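Naming follows writing order (A, B, C, D, E and F), and every chain is counted from residue 1.
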Amino acid sequence: MSAAYEEHKRMAPERVKVTIITVSTSRYMKASQGIAVDDLSGSKAVEMVKESGHKVVSRKLVNDDKEMIRLEVLRSLYDEGADVVILTGGTGLAKRDVTIESVIPLLDKEMRGFGEIFRAVSYQKIGSPAYLSRALAGTLNGKIIFCLPGSPQAVELALSLILPELSHMVYITGVN
Amino acid sequence: MSAAYEEHKRMAPERVKVTIITVSTSRYMKASQGIAVDDLSGSKAVEMVKESGHKVVSRKLVNDDKEMIRLEVLRSLYDEGADVVILTGGTGLAKRDVTIESVIPLLDKEMRGFGEIFRAVSYQKIGSPAYLSRALAGTLNGKIIFCLPGSPQAVELALSLILPELSHMVYITGVN
Amino acid sequence: MSAAYEEHKRMAPERVKVTIITVSTSRYMKASQGIAVDDLSGSKAVEMVKESGHKVVSRKLVNDDKEMIRLEVLRSLYDEGADVVILTGGTGLAKRDVTIESVIPLLDKEMRGFGEIFRAVSYQKIGSPAYLSRALAGTLNGKIIFCLPGSPQAVELALSLILPELSHMVYITGVN
Amino acid sequence: MSAAYEEHKRMAPERVKVTIITVSTSRYMKASQGIAVDDLSGSKAVEMVKESGHKVVSRKLVNDDKEMIRLEVLRSLYDEGADVVILTGGTGLAKRDVTIESVIPLLDKEMRGFGEIFRAVSYQKIGSPAYLSRALAGTLNGKIIFCLPGSPQAVELALSLILPELSHMVYITGVN
Amino acid sequence: MSAAYEEHKRMAPERVKVTIITVSTSRYMKASQGIAVDDLSGSKAVEMVKESGHKVVSRKLVNDDKEMIRLEVLRSLYDEGADVVILTGGTGLAKRDVTIESVIPLLDKEMRGFGEIFRAVSYQKIGSPAYLSRALAGTLNGKIIFCLPGSPQAVELALSLILPELSHMVYITGVN
Amino acid sequence: MSAAYEEHKRMAPERVKVTIITVSTSRYMKASQGIAVDDLSGSKAVEMVKESGHKVVSRKLVNDDKEMIRLEVLRSLYDEGADVVILTGGTGLAKRDVTIESVIPLLDKEMRGFGEIFRAVSYQKIGSPAYLSRALAGTLNGKIIFCLPGSPQAVELALSLILPELSHMVYITGVN
């Protein structure tokens, strides 16, 4: 690893502000009717982010709806001061899966390697189904957005790749 | 004009809900410091929209900032129930002009004819400077977004084109 | 007009092969059930193309469906030898209007001026509603595709702009 | 693997309808002249698809030509009822290689992971040349299109990744 | 016209540095063989730019070749200090016409109104053939690029629209 | 490996002409002031390209500036006859990193596999930071452009993937 990498690590914020957004029409509909819903993926993400020493500034549940997904991503970044937004769900191939379609147009730079390495590592664990995920990441105005699949296993695997680099990434993304 | 056009006119909502957003860093900075700012273009838009019988659901002042512009457009549509968002300012060629760059990625369909006819009519009035404007319009999930230049004259001209069709447009855009 | 333009006119084919495709879910559904449907726009197009001395190689009625629209455009060009495909309908702002979305990805070069001049001339006749049309044209592999609105009046106006240039356009588009 | 994955597997069609298209100008030219051509890749694909219990609804040989490739893909999906189209050939870096350029504009969602995992597995087998392939996959209106390299070895490797997931993919892609 | 417009006019540079590039394979080939070529469009452009008080920093003749067009545009802007590059030729619908394809990917902002107003004014003069031109303009890093048709008449008409705004445009485009 | 692959290897040029461009604002600024700068990555690339028997036709140092990066890439290919341009630096996530943004619009075909395999191999060596690189490659008019990260280790790893295939790639990319 390079000297620059080591220096960035030192200058990076120790505590990153993170929003977790679960994208799930079924859960959203139930919650809107006052019915309790479990959200194992969202809970897993919250737990892992906190354990790694970062701060969860908000946690949300949204519909598979482009407008709502984008509004909550932007509200998290702008109003709530999140440095990083992690979405789970809606990254598959079904017609209603619109998380990727909602987020890509918002990005300044796509971090293609994230989706690739996530799928490559996932392939080692689960084989062929790994390539069905459209997980991705990118930057918007010095902040970072991750789109992860909706299963708790996928969230756990993705966060094991993200968390060790989170402070570093936030630091380099914000550099002018 | 066709029979379908006349029928659409009859079925269209009489009263459309509109948000007016002024995009101007200088005004936003002053307002943030508690200094009173005039906003002739925003005021002109509010006045004309009301006079034509529609409802102004909110009026905002934002920075030349992609994130803030997008957040306020989406908040207007989703939280405040606007059918139509009209932005004024930030449509020029300077580097800081980002209204067009902020709005295009949000659109489902671009209504290219709007910018064209606006510039063609503007050319009749002011000649060559008319082609410098990047004014545009488009739809998002059954709603409509207009990006107009920042001068009161341009806003007045644009609204003289928009208001006679506003109910009709909202109706046809929302049809599945 | 330039000498090159006059020379192109002389070398252009006198008789261009044209396919007319009407895009209309309601008519398609009725026709699929064996119910007779009128198609004034398609008929108007066929009549005007023939009167101007060109050949209508096929006439079709399709659904507002991306796959079917693209298949019939390509079948017309490739299997039926059409030089030009003229579609009418599905160019508006409603969600089900997908003619433009179907055709744009097929094009090699977009001929932006066509939609612009069509709307500018249309604005002279009908005023503001002119800007609601997304009519466009472009080339694919030396052939030309036009997307026109669905009303007979719009088809008539558009063809009055297209037909005088049709042979010339086909000639220059096919030049390597 | 998640419970949802196991449930999808149960609900997926056992027998998927597949079209195999070989893209090769040299073979197409010979075949057009009545000369017998071998097509080891196409034959390998047919054999493997059948052995895995799926149905080959059509098999085709086309030119390296955007119009023809798109026409045959769409005809397979729309007229012949294929759920899946597998193309082999034309995915390289030469100017005449246009399979990728032909297919990308037709897709609703790209399944980036397929090309990635194919190349990663291929790299384990053949080393650096693996990265020269532009193999990809994506969805169109609830159906799936794969673009594979033209060598029989590549087709065999790709199908060993595709076939175990084929029913599942077709099921989830078609879900609204 | 607004007060801001008048103020910009006052602050704009009086003398803009312009490069004229003629795109023409036939002329380029002849010139490469030492054969004298006329270039009425290029000469017309040079003459009009000078008469309006601006400076022609270089004049070039290039092939219909994406690489060469881009290289000469960038060399003019970067090495020769041009504020504005005006290309003539290669904006039509023939396969070899690649000026538009070469320039669009270089642009930061497209100035759509220029092509529109040029074609609208051209339509008043020559009728339907006006819509065949793909003339366009846009900005790159605070500088401006125009792509005009190859005929002297078109160049004359386009420059009659451009020259009165040239200083103003260069000023506003360079503002941060 | 296929017979075609072996045949291509035989017909490929033994000696490929390569330009190495280092993208680094800090080094460029110093060099512009006459201050000596080290450039370990550029030197590593020159050394490895030469050792593998290819020819370094030029070596350059540029600013993180879209215009300058594009100009030097095109000048290398067009004026200096390079078959291949290798850029190092400016591929990260910081706002000033514009190498990827500069190069992508110039490409005819993107060779996605290169970035993928580079990151996958890099992940084996350094773990998670591997996915932060946006390294990519693609073709322009029969030539090849690579964008590599700026660290000497990354350059060394990337070239260990590139050099064994360089002649072959140049051969197949130039085939019509």
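Just a few scattered comments:
Throughout what follows, contacts are C-beta pairs under 8 Å (C-beta built on N, C-alpha and C of every residue); 3 or more make two chains touch, one makes a residue touch a chain.
Because the structure is predicted, anything quoted here is derived from the model rather than measured.
Listed here as common contacts of chain D and chain F: A. Between chain C and chain D the centroid-to-centroid distance comes to 32 Å (mean Cα coordinates, whole Å). The geometric centre of chain B is 45 Å away from that of chain D, both derived from CA atoms.
Of all residues in chain B, those touching 2 or more other chains are 116, 120, listed in ascending order.
The complete set of chain-chain contacts reads A-B, A-D, A-F, B-C, B-E, C-D, C-E, D-F, E-F. Listed in rising order, the residues of chain B touching chain A in the complex are 65-68, 70-71, 74-75, 77-79, 105-106, 140-141. Residue ranges on chain C touching chain E, taken from their complex, read 1-2, 4-5, 108-114, 116-118, 120, 139, 142, 161-162, 164-165, 168-169, 172-176. Residue ranges on chain B touching chain E, taken from their complex, read 92-97, 100-101, 115-116, 119-120, 123, 126-134, 151, 153.
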